[in-house]
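A, B and C are the chain letters, set down in written order, and residue numbers restart from 1 in every chain.
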Amino acid sequence: MTATGGDRAAAVPVLEVDGVGLSFSGRTILDDVTFEIRRGEFTGLIGSNGVGKTTLLRIILGLQRPDTGEVRVLGQPLAKRNRSLGYVPQKVELDADVPIRARDLVALGLDGHRLGFARRTREQRDLVEEMLHAVDAEAFADSRIGRLSGGEQQRVLIAYALISKPELLLLDEPLANLDPKSVQEIVALLHRVATDNGVAILLSAHEMNALLPVMDRIVYVTGGRAASGTTEEVVRSEVLSRLYGHHVDVLRLHGRVLVVAEPGGTAADDLPAHATVTVD
Amino acid sequence: MFSGFMANAWEVATIVAVVAGVVGFFVVLRGSAFPAHAIPNGAFAGAAGASLIGVNPLIGLGVFSLLAALGIGTLGRRGRADVATALALVFMLALGAAFLSQSTQYEPQIFSLLFGEILGVSSSEILPVLVLGIASVLAVAVLYRRLLVTAVIPDVAASRGISPHAVEMAFLVVVALATTMTVPVVGALLIFSLMIGPPAAARCLTDRPGIALAGSVAIALATIWASIAISYVSNWPVGFFVGTFSAAAYGIARGLVACRAAGNRRAAARASFSVA
Amino acid sequence: MHVLFEPGLLSSGPVRTAAALGAVVAIVSAVVGVFTVVRSQSFAGHALTDVATTGGAGATLVGVSPLAGFLGGSVIGAGAMDAIGVQRVRSRDLATGIVLGAATGLSALFLYLETTRSATTGVTQQILFGSIFTVDPSTVPVVAVLGAATLLVIAAIRRPLTLSSVSSEVASATGISVRGIGLAFMVALAVSVGLTSIAIGSILSTALLIGPAATAIRLTRTMRASVLLACALGVATTWLGILLAYDSFYWDASSQGLPVSFFIVSITFAGYLVTGIPAVRRRVELRWRRGGTVRARTSAPIAAGG
């Protein structure tokens, strides 16, 4: 189900997800998911936990193969080495004993794939500084990655991904474990980074409200199916009801969105985090 | 202490320590302590088997250490890595036991393969050790960045086309190579100590990967030189000193860090106290 | 039948001792092994056999009972590992490695002192490999009693142990001392490994600790089922290995037969490999889904305002 709005220029989309489907052990995880992302767009991949967002991201990154459908990056099918896609995982599994500083990791974003042992040039080191500055990580650039907080690690991982100048940055649940203030900071940072560098952003989350101010498009996922378009187009009762397979209401209150199920409605567990209210 | 056969011992020890320091840095970083123990031990079984059929034990050593590396890498992919390593190791040891039971292998040879005979090294053995040593260090240099990236963010590396599994296999093969060259000299059980203690100590003392690598080598050199010197004087086995000093190096490094951390805490407490 | 059961098998004293000892060891190892595998402590389990051997060598040197040496060395080693190591697997393996390296060095020293003192041959081989057929029958009751004690301890702590193995955070939240339970388990592991090492040698100690447990875990869904299956597999493997080792004396007139360890380890390894084959795993999963009960899905309440 797609609800694209308007006629766009003929520029090749950065990412095209075309009819992607995946089943596992008899369960359908993703079913005919189709959407595209254009240059510089900020897209939110919204859905509750377990609905298949991470699986979809992994398919886009080429870490998993879909049963049906295709993923195209800049018009080309997915290749082994994806320079155009940057990936920011949720967190790094590292202990504080590992002698690698934030600065070192960001530098590896430039040449981590290269064989050999060439020393880094002045330009490269300046670029690392620039990236650290862009994500406000200078204060802890020389600390070990394993010692950083979740939010700090995230910024380092963003810098790592950005330094290789990708066309699209994919972030897996970056807001999940942050307090509201940090959520705001990271969203603002990502928006700034996207605008300054012309990078498109695809970010998965289970709550859309924090992203409303910056989101250009939304891909709303539930039950393996997805609806994509602008927030106005997608977050409407008719569209979401069709997606869920039963009636839901959409309320807008003080700039926030509430998706609300009918009393006694089935699959209430499928509703994303902000939808916990049942109205009598 | 520095002439005649001892000169050989010093030369070989230096080469071994450099290799152990370099390879060991990544063994510790990547959490590959168990494979680093298992591969030399599996190799030992190969040496026993080779001498059984009249082949140069070094060939058996090389073949079995390579098999151990490949086996651990392949099995570890499918299931738990530590289970795969344990079972591959005991299988090879059991093979070794089977080989030994078929011959009248006598004591000292087993002892030397396990614990090494560095003081008895002849000058003809130095060149092969040097060549293999250079090969190991070069291999690590070539893979340096990939080893770092896959150790920290394997998923992201995979999305960039670097296969963490391929890097792991390559690394295990390098460990096998380093093993083959050092087992006849330092023994199967002791190359392990050099690959664990010094790097573990070094990384306590610095945050930077390059410095930590250099530190591993430095501490490994200090360890083995001290061990040889004291062994020469006391007649006690080199292996004993290597094992003990490696562990001590780690202990001292940890102690230094703890002292420094406690000092920092005290300073911070004083600072906040004075501000208030 | 004659080919399989060579003459004198069942009436042979050493064989009966071996079978009894083997069964006891297999059961203790299997139970402890299941937890060892679940907690990803296979390296510690193996390293402790070498540390136990060091203790044994030291004991022989000083003239103390080898059993005390094996057990003492193993427990001290486990304590050291626990003291150095932290919760995460990588740091734990590092601690294991440090202790193993030091213990190995000590071994070198003890063996050197031993051989220079008494010039006995076969000492290294004996300590490292052991042989189930040459065990003194009087050790069986001792091993059985200590083994039973270990199992009692494991049984007593099995619930907090399981929980903290799955998630140390959840366990801490419910008031369990994760560190304390971890240490208790390490001691139990040390005692188990010390016993099995002196009884049947270090190689078999690790093989029977890890092999049947890992295989059973792949084939079952609950801890209880894993433990039971691991015991069954361990005992079966041991008896089959003893049988084949005994037979191997007769296969070739001039040969001395192959060591038991070789047979038992090979069977264990083969079993593990077979259960790793994708076709086999799929069959197993299919049987679970058909025969298993349907568990009700409860979704945890999601807090509003993420």
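In this text, contacts are C-beta pairs under 8 Å (C-beta built on N, C-alpha and C of every residue); 3 or more make two chains touch, one makes a residue touch a chain.
Quick caveat, the model's predicted, so the values are computed rather than measured.
A.B. asks: Out of A-B and A-C, which chain pair has the most contact pairs?
C.D. replies: Most C-beta pairs in contact, of the two: A-B.
A.B. asks: Averaging each chain's C-alpha atoms to get its centre, pick out the one most distant from chain B.
C.D. replies: A
A.B. asks: For chain B and chain C, let me know how many angstrom lie between their CA-based centres, rounded off.
C.D. replies: Their C-alpha centroids are separated by 25 Å.
A.B. asks: Quick one: chain A and chain B, Cα centre-to-centre, how many Å?
C.D. replies: 41
A.B. asks: How many Å are there between the centre of chain A and the centre of chain C, using C-alpha atoms for each centre?
C.D. replies: That gives a centre separation of 45 Å.
A.B. asks: Specify, in ascending order, the residues of chain A that touch 2 or more different other chains.
C.D. replies: 97
A.B. asks: Give me the residue numbers in chain C that touch at least two other chains, ranges are fine.
C.D. replies: Answer for chain C, listing residues that touch two or more other chains: 90, 94.
A.B. asks: Given the complex with chain B, which residues does chain C contribute to the contact?
C.D. replies: My answer: residues 37, 40-43, 45-47, 89-90, 93-94, 96-109, 111-112, 115, 121-125, 129, 203-204, 206-207, 210-211, 214, 218, 255-259, 261-262, 264-266, 268-269, 272-273, 276.
A.B. asks: Give the list of chain C residues in touch with chain A in this complex.
C.D. replies: On the chain C side, the touching residues are 86, 88, 90-91, 94, 285, 289, 299, 301-306.
A.B. asks: Help me check something: in the complex, which residues belonging to chain B touch chain A?
C.D. replies: 29, 141-146, 148-149, 151-153, 155-162, 202-204, 206-209, 211-212
A.B. asks: Can you list the residues on chain A that touch chain C in the complex?
C.D. replies: Spelled out, the residues of chain A in touch with chain C are 25, 48-49, 95, 97, 175-176, 205-207, 269, 273-274, 276-277.
A.B. asks: Which of the residues in chain B end up touching chain C in this complex?
C.D. replies: By the definition above, chain B touches chain C via 28, 31, 33-34, 36-37, 75, 78-80, 82-83, 85-91, 93-95, 97-98, 100-102, 106-107, 110-111, 114-115, 189-190, 192-193, 196-197, 200, 236-237, 239-244, 246-247, 250.
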